[in-house]
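Next, two complexes with chain A in common: one pairs it with chain B, the other with chain C.
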Partner chain A sequence: MHDAVYRAPPIDGLLIAPLDEFTAVYHRASGITHLLTEPAPQILAVLGEGGLSLDALLDRLAEDYELSDGTREALAARLDELVEAGLVEAA
Partner chain B sequence: MRIGPIGFRIGSDWRSPIAQLETLYRDYPKPTDSIPDFTVRLFARRPWRRLIRPSVEIGGDYMLPEAAPLPLRQGLLAAEMAMNLQMALGARRYLLLHASAVERDGRALLMTGISGAGKSTLATLLAAKGWRFMGDEFALLDPATGLVHAFPRLISLKNEAIATAEAAWPDARMGPLMPATPKGDIRHMVPDAGAIAAMDVPARPVLLVFPRYGFEAETRPVSPAEAFVRMTQASTNYVALGEAGFHALTGLIAEVPSVAIDYPDGASAIEQVEALWAAL
Partner chain C sequence: MIPEHREDGVPTRRRVLALGAVTAGAVVSIRPALAQTAGSVLNCEIPVPDPGRAGSYIDANGRVVPARTKGAFPSSPRPFKGEEVKRSMATGRSLPGTDSERSRAYVNYIRRLQRGQGGFTCFASLQMPRA
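On to the complex of A and B.
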């Protein structure tokens, strides 16, 4: 599963409204509103429509954020949640 | 009749609920261009139920199949519930917030909470102190402007709120007392003339309050995320409105502070609201 390429919806497929530590995200394709906390909005922003593998995503996030041990597992779990929510596609 | 921007056409198998509506809504205008937004029907499920133990089913453009019929003596309640039902299921022009609203200096205060939290009572008491009553059931948020439109239908007073409102508004016109309805004792009150006269004037929402009756007086801020979630639950058509609802609600939450108020009695609540308003 984690060798898959993860894709976010196209940039105009989401409406994003930061509230506080939560961000409200409206998914145009489903009409569902999601309430996300870090790092989910950042994951969606980095993934983009083109998609990335888990390792490529980890590398990209490491460019902008300080990452610690165990991040790979945590990131995989967050990605699974986003797939479950319908906000990310895994192929 | 027209309440705020919403026009209704009401039909009934019986004369009495219509007569009560005609009396209580006598100062309200007709729908714009005589075209109603919603049709409301009060009807007997079987023809003989018009006469024998008459019971009122509610319907119109939209129906809820599981809605229980009411006895004819609660016909006015049935009419109000049927009007609310059409609004809740059919309104698309506005984001419907299950909230009461009052206005002062062109700025609106919204109050929302579960049944019994005191939405109607507080709006009624604030109106007695000079605020303009905009509605006790729905506040209509226009996604295009961010303004709240009034929906000052009859005020639905329940149980002890009846005496409280009667004391605050001794000259108000009241509907019949309907004891032991599914919602307890209910009596409808006609909003004051100023509220009806100004019902076409929208207002900019500036404060969102979540009142809770029956607790020691306490005021605490509500985080934007919590307020957002509570308002999606307090809106009957948030999902149906799609993107427009998302923009309207995130815009409201971004601009308007949200505060929870616990209060032991009406006087205390008014003091708390006035203090919050003064600090804006």
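On to the complex of A and C.
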């Protein structure tokens, strides 16, 4: 799974509304609304439609942010959640 | 990189970002349960009136009135299925086991249901197009 390429839905397939602590994400394809907390919205934004491997995603996040606990395991766990929610595709 | 996201509430460069513990959890999904269970919506039940006021009568306008009020109707001996109510509202036919006047009183009662009353969620779900 760690060699998989992770993709976010097309940008027009999501309706994103920041709500203080949460970011509400409406996924048009499924009709499901998700409430995300950090770092999930940031992961979605960096991931984009193009897709990234776990390591590439970790590098990109580290470019943009100071990662306080930037382990592959933690990122993989966040990605698994997003995959389970249907917001990220792993292939 | 998707610039729109960055400006739309997602923090900018060099902010501290915690990826979190493996067990943390950063996603809560709100599923449209009613929309996904159209079958069970039609099988949900609406008591007339709700159990807390069982034994009261229903007047022609759908108000709950004291038992044996003249011109009002006794409460229904059984709750109605969502499907029965939906059909009656759509076609104007009487609810099962009722004549037209009693059915109209019951339907008026159901239309006046509010949040927190027995059967309200069932009635509200009948209004959804997919139900």
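As a working rule, the second predicted complex is superposed on the first by the 88 of 91 C-alpha atoms of A that agree within 3 Å, B and C clash if a C-alpha of one lies under 4 Å from a C-alpha of the other, contacts with A are read in each partner's own complex, and residues count from 1 in each chain.
Everything that follows uses one rule, which is that contacts are C-beta pairs under 8 Å (C-beta built on N, C-alpha and C of every residue); 3 or more make two chains touch, one makes a residue touch a chain.
Note that the structure is predicted; figures quoted are calculated from it, not measured.
Visitor: Considering only touches as defined above, state whether A:Leu75 meets chain B (first), chain C (second), both or neither.
Guide: Touch status of A:Leu75: second partner only.
Visitor: Identify which of chain B and chain C touches the larger number of residues of chain A.
Guide: Partner with more touched residues of chain A: C.
Visitor: Touch check for A:Glu21: first (chain B), second (chain C), both, or neither?
Guide: Touch partner of A:Glu21: chain B, not chain C.
Visitor: With both complexes superposed on chain A, which partner does A:Glu66 reach: first (chain B), second (chain C), both or neither?
Guide: second
Visitor: Regarding the shared-chain residue A:Ile11, is it in contact with chain B (first), chain C (second), both, or neither?
Guide: The answer is second: A:Ile11 touches chain C but not chain B.
Visitor: For A:Ala29, using the defined touch cut-off, is the partner it touches chain B, chain C, both, or neither? Pick first, second, both or neither.
Guide: After superposition on chain A, A:Ala29 lies in contact with neither partner.
Visitor: Touching A:Ala40, do we find chain B (first), chain C (second), both, or neither?
Guide: After superposition on chain A, A:Ala40 lies in contact with chain C alone.
Visitor: Applying the document's definition of touch, where does A:Leu87 land relative to chain B and chain C: first, second, both, or neither?
Guide: second
Visitor: Which chain A residues contact chain B in one complex and chain C in the other?
Guide: 17, 31, 33, 35
Visitor: For the complex, which residues does chain A have touching chain C?
Guide: Listed in rising order, the residues are 11, 16-18, 23, 31-42, 44-46, 48, 61, 64-71, 73-75, 77-78, 81-82, 84-87.
Visitor: Inside the complex, what are the residues of chain C that reach chain A?
Guide: 1-2, 4-6, 8-11, 13-32, 35
Visitor: Could you please specify the touching residues of chain A with respect to chain B in the complex?
Guide: 15, 17, 19-22, 24, 26, 28, 31, 33, 35
Visitor: Taking the touch rule as given, give the residues of chain B at its contact with chain A in the complex, in rising order.
Guide: Checking each residue of chain B against chain A gives 223-225, 228-229, 232, 238-239, 242-243, 246-247, 250, 253-254.
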